[in-house]
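I have a structure I would like to understand better, so I am pasting it below and will then ask my questions one at a time.
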Amino acid sequence: DKLDDIIASGTLRCAVVLDFPPMGMRDANNAPEGFDVDYCNDLAKALGVTAEIVETPFPERIPALMSGRVDVGVASTSDTLERAKTVGFSIPYFAFEMAVTSNDAAGIKSYDDMKGHTVGAVAGTYEAIALEQQVTAWGEGEFRPYQTQADVFLALSQGQLDATVSTSTVAMANVKTGNFPGISVVGKAPFDTDYVALFTNRDEYGLINYLNLFVNQQIRTGRYAELYEKWVGGALPALTVPNAYR
Amino acid sequence: MFGYTFQWNQALARLPKMLDGAVVTMEVAVLSMLIGIALAILLTLLRLSGARALRGIATGWVEIARNTPALFQIYMAHFGVASFGIHFSPFVSLLIGITFNNAGYLAENFRGALKAIPETQTRAGRSLGMSQLQAFRYIILPQMLRISFLPMTNQMVWAVLMTSLGVTVGMNADLYGITQDLNALTFRTFELFAIAGVLFYVITKIITLGARLIAARLFRY
Amino acid sequence: MFNTALSAADLVFLAKGAGMTILVTAISVAIGTLLGILFGVIRVQLGAKLSLPLTFFLDIFRSVPLLIQLVLANAFMGMVLRLQVSGFTVACGVLSLYTAAYCAEIVRGGIDAVPATTRRAARSLGMSWMQDMRYIVAPLATRIALPSWIGLALGVMKDSALVYVVQVTELLKSTQILITRLQEPLFLLLICGAFYFLISFPLARFGGYLEKRWSHD
Amino acid sequence: MIEIQNVHKSFGPLKVLKGIDLTVEKGEVVTVIGGSGSGKSTLLTCINGLEPIDSGRILVDGTEVHARTTDLNRLRQKIGIVFQQWNAFPHLTVLENVTLAPRKVLGIDKAEAEAIAEKQLRHVGLGDKLSTFPSRLSGGQQQRMAIARALAMSPDYMLFDEVTSALDPQLVGEVLETLKMLAEEGMTMICVTHEMAFARDVSDRVAYFHKGIMAEIGAPEQIFGDPQHLETRAFLASVR
Amino acid sequence: MIEIQNVHKSFGPLKVLKGIDLTVEKGEVVTVIGGSGSGKSTLLTCINGLEPIDSGRILVDGTEVHARTTDLNRLRQKIGIVFQQWNAFPHLTVLENVTLAPRKVLGIDKAEAEAIAEKQLRHVGLGDKLSTFPSRLSGGQQQRMAIARALAMSPDYMLFDEVTSALDPQLVGEVLETLKMLAEEGMTMICVTHEMAFARDVSDRVAYFHKGIMAEIGAPEQIFGDPQHLETRAFLASVR
């Protein structure tokens, strides 16, 4: 099966989204770096093979997997039931809290202040779907989806958006870069925690099993905490859900 | 034969939503054409006018529209002009981008059409006491639009296809935007985009057939 | 006018994007033109009725947004056929067929514009179909078709800006990546636009010039 | 009355009219003949102000055509002109061709304009072609339509510039008949023509142009029977 | 020898040739006359196999033109044909127009082909136009070039289809002279023409076509002097 194939071939090819700091991004030499990049490298090490990072934007993740261009997705992918009809997910390897980032000029101090404003998020993401529903429920203001996280923050700093909801890690990372003057993280968004998982082909049970154990081992060995501290910092989010098995 | 299980009914269940998107796509295309034609006529006149500056602006418009990617023009209409503090909504940005493109291409067509109309036509009109503007309005313009009718139809098809670029400026109400959102939701990439492709195909065919009918009615000479 | 953080390395990065734009365009136009000539000649030879399936097939490429063609081809190759093809290959494949679809029309127009009587004269001299095509039709049709073909090639270059959806980092995508890092959208976009313009404008002018010159004799 | 006084006109370095003097009285028919490039057409387009002049004056009913204050659009309403190329407006029916100017320039309402147009079209023998498009007409019919179109503005003067030159020989007759009819009705006309028989029959005076100069003018009998200038003689010999 | 045996030919529902029989001997000059649409051009294009036929046979030197096994390209080398429209290849000079087929079809090398071409072009009076492009030639010159082009293939037969019809009257003579010269040199020719004087002077026999039927054939004196058929008489009266 695929697990054997990977070991036999000697390379593990990971789909990683590279405009999603700090999970995936580029350094000044335009080389890939970030949490997901390290995570893939760890997985390759565990398998005893070398890692190959394949840059894959959000919409491209599934075709890349299906075509066999990549073996595993380490791409901050929310494990929705809808998607699980198409691909096979591991247990969650990361969890995002949602944060509100606003343009200082808009005077937004909290999630509820966004009512009536123009807000946006990355098209098709967990938070975009939730936020769009919220704007509809408020009945005023406007919701805009952009293609990439970068475009969202560009629009935010240009003042085209008054606020955005994104994963708190991403929000912090973007504000920290200093690329976007005049924006700040102003609070949490009351959305459910967004659990993201590794994925591979739906029928590769052997590999999925391996991935599950790998995620577990990363936590046990403290590597998860180490990476979290390196790329994100702060309180380590729990990856288990109270009162449920997985 | 394929190692892939098609799930058409899942995708087809979303057809009504996609049809809503098709309506928005048509709205953008039609508006951009109407405004584009008006602007193109203006540009054509400016390019004929004596004033150097006006001619320069019109020529610049036409050449930029024809020599840079449409995606660039739309992206510019949103993120580029925002650097001056001018903000347009995604719908307006897309409309501006496509209209800019339409006007440029059509103006070039109109200029070619004008060349095909004998100069003696204006003379004949002027000799009947018409003003320059009247001669243009009643004699040159109708003939120009007729000669340009096929290019205009093609441009209309282009306008429809160009709406797919709206997603880059945050547009998600049009056919392509909706398809993309649905794809993010379900990951049924192939099925959803195949349906979108068919819808686009049908729209363009309706436009070309419609144009043929209109032409048959309109141009009896 | 601009106080920019753009470094030499970034310029190299942009240049690489521009190189990719040109590479994708060159490959697609080359393959697409060969296919287009083939399809165009087939259409003329078979006549409207017999070539209907081909016409329909080619028409699809002109009636569906290129973005969708690219996404679909990519999804089809990857998800359905499970073939391992790079985004670059998909981009070149789709753009080639896209070019071929338009090119076939241009070729057909060019061939149709060669007067039937001239072709009869050639055949009457004992020239074979191939010789007629090679020595009479090709040179005459080329004159008619070349200006449109230049327009097509430039169109393909501009449309190649869309191949970003299949992971090909061409000029516009490179620009967007730099915008993410440097946050100077207007400046970077102007550089990008200027590049397209500087390639497209002179060639378009040249095409217009040829058209004018050749339509006079 | 049309008064042309010492008119000079050049196109760039090329002197096309070199001091033309000519007065055409009301009701008079003047025919202009002369070699190609002698400036005949240019003179006509100067009379209705389509071309500016370099010096001299042209007065139509006392109004100076090229004065800055002259409303050329109004002036042209009383000068009908028909050109060699039949300038039918191809996108309009015959009736619409003729009603367009009365409606848009004179502001006459549609019904009335159509009544006028029908009358003029019947006059030139096109009463049965009202809703035809010009592309369906022969050259002679198009030319007659152009005449009707000019007449529909009720002009006081008509200028004709070789209206039969581009026609097939068998169509020339019908157009000349129309001109003759107009002349008989007392219309003031200046006709540039190569049809010598027509010039002889219809005109009150014939003017011979040579290289931008009106070399000779006189009654047709005199010009055709006893031309004074050498060039006139040579020209008449060549067209015979 | 060209033998045409009971040839029928239709375009869709339209019967254009309804059983034509005609034998042309070596060295003979046959002229074909007849009204427009009577099938004259069609017959010529059937003889060199540009058009298929429905039934009957056409033999050229014993080879059946429309047999499946016939190599038409080779056959056409011995049948020169010149059409009404002068089909110059506009992208080639006069010399290249004439050398193209000998070089590419017969495989003659460039120098030799040019020698042949120059000879033929001098023959038709175009010796000084070798490197001119066709667009610079008059219609008559283009037509003579087309004749030289056909002759350069050293054909045994020449077919001419109204080669002077599209020419200005003053250019007709020079082309007819060329044809006459060829006839005198003994070339086997079939000439479709509307030039009755030429038909009378040059032909051995004249055939009259009427609605797809060869109504009459005979010596020119007989056809022009004493036509047997009513239609022939009517036709000759109409073209006079």
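The first chain written gets the first letter, and so on, giving A, B, C, D and E; residue counts start at 1 in each chain.
By definition in this document, contacts are C-beta pairs under 8 Å (C-beta built on N, C-alpha and C of every residue); 3 or more make two chains touch, one makes a residue touch a chain.
These figures come from a predicted structure and were not determined experimentally.
Asker: Going only through chains that touch each other, what is the minimum step count from chain A to chain D?
Answerer: The distance in steps between these two chains is 2.
Asker: Would you pick out the chains that touch chain D and also touch chain E?
Answerer: Looking at chain E and chain D together, no chain touches each of them.
Asker: Highest contact-pair count belongs to which two chains?
Answerer: B-C
Asker: Hey, how far is the Cα centre of chain B from the one of chain D, in Å?
Answerer: Result: the chain centres lie 46 Å from each other.
Asker: Using the average of all C-alpha atoms in each chain as its centre, how far is it in Å between chain A and chain C?
Answerer: From the centre of chain A to the centre of chain C is 37 Å.
Asker: Using CA atom averages as chain centres, what separation in Å is found between chain C and chain D?
Answerer: Inter-chain centre distance comes to 54 Å.
Asker: Just curious, how far off is chain C from chain B if you go by their C-alpha centres, in Å?
Answerer: 20
Asker: Identify all positions of chain D at which a residue touches two or more other chains, and write them in rising order.
Answerer: Answer for chain D, listing residues that touch two or more other chains: there are none.
Asker: Find every residue in chain A that makes contact with two or more other chains and list them.
Answerer: Within chain A, the residues that touch at least two other chains are 59, 62-63, 66, 151, 154, 158.
Asker: Pull out every residue in chain B that's touching 2 or more other chains.
Answerer: Touching at least two other chains: 4, 79, 82-83, 189.
Asker: Can you name every pair of chains that touch?
Answerer: A-B, A-C, B-C, B-D, C-E
Asker: Please output the residues of chain A touching chain B within their complex, sorted ascending.
Answerer: 58-59, 62-63, 66, 80, 82-83, 85-87, 120, 123-125, 129, 142, 144-147, 151, 154-155, 158-160
Asker: Would you pull the chain A residues touching chain C in the complex into a rising list?
Answerer: Residue list for chain A touching chain C: 19, 26, 28-30, 55-57, 59-60, 62-69, 148, 150-151, 154, 157-158, 179-180.
Asker: Can you name the residues of chain B that touch chain D in the complex?
Answerer: 118, 120-121, 123-131, 134, 138-139, 142-143, 146, 219-221
Asker: Give the list of chain D residues in touch with chain B in this complex.
Answerer: Per the stated touch rule, the residues are 45, 48, 50, 73-77, 79-81, 83, 85, 87, 89-93, 100-101, 104-106, 133-135, 146, 149-150, 153.
Asker: List the residues on chain C that touch chain B in their complex, please.
Answerer: Against chain B, chain C makes touches at 60, 62-69, 71-72, 75-76, 79-82, 154, 158-159, 161-162, 172, 179, 185-186, 189-190, 192-193, 196-197, 200-201, 204.
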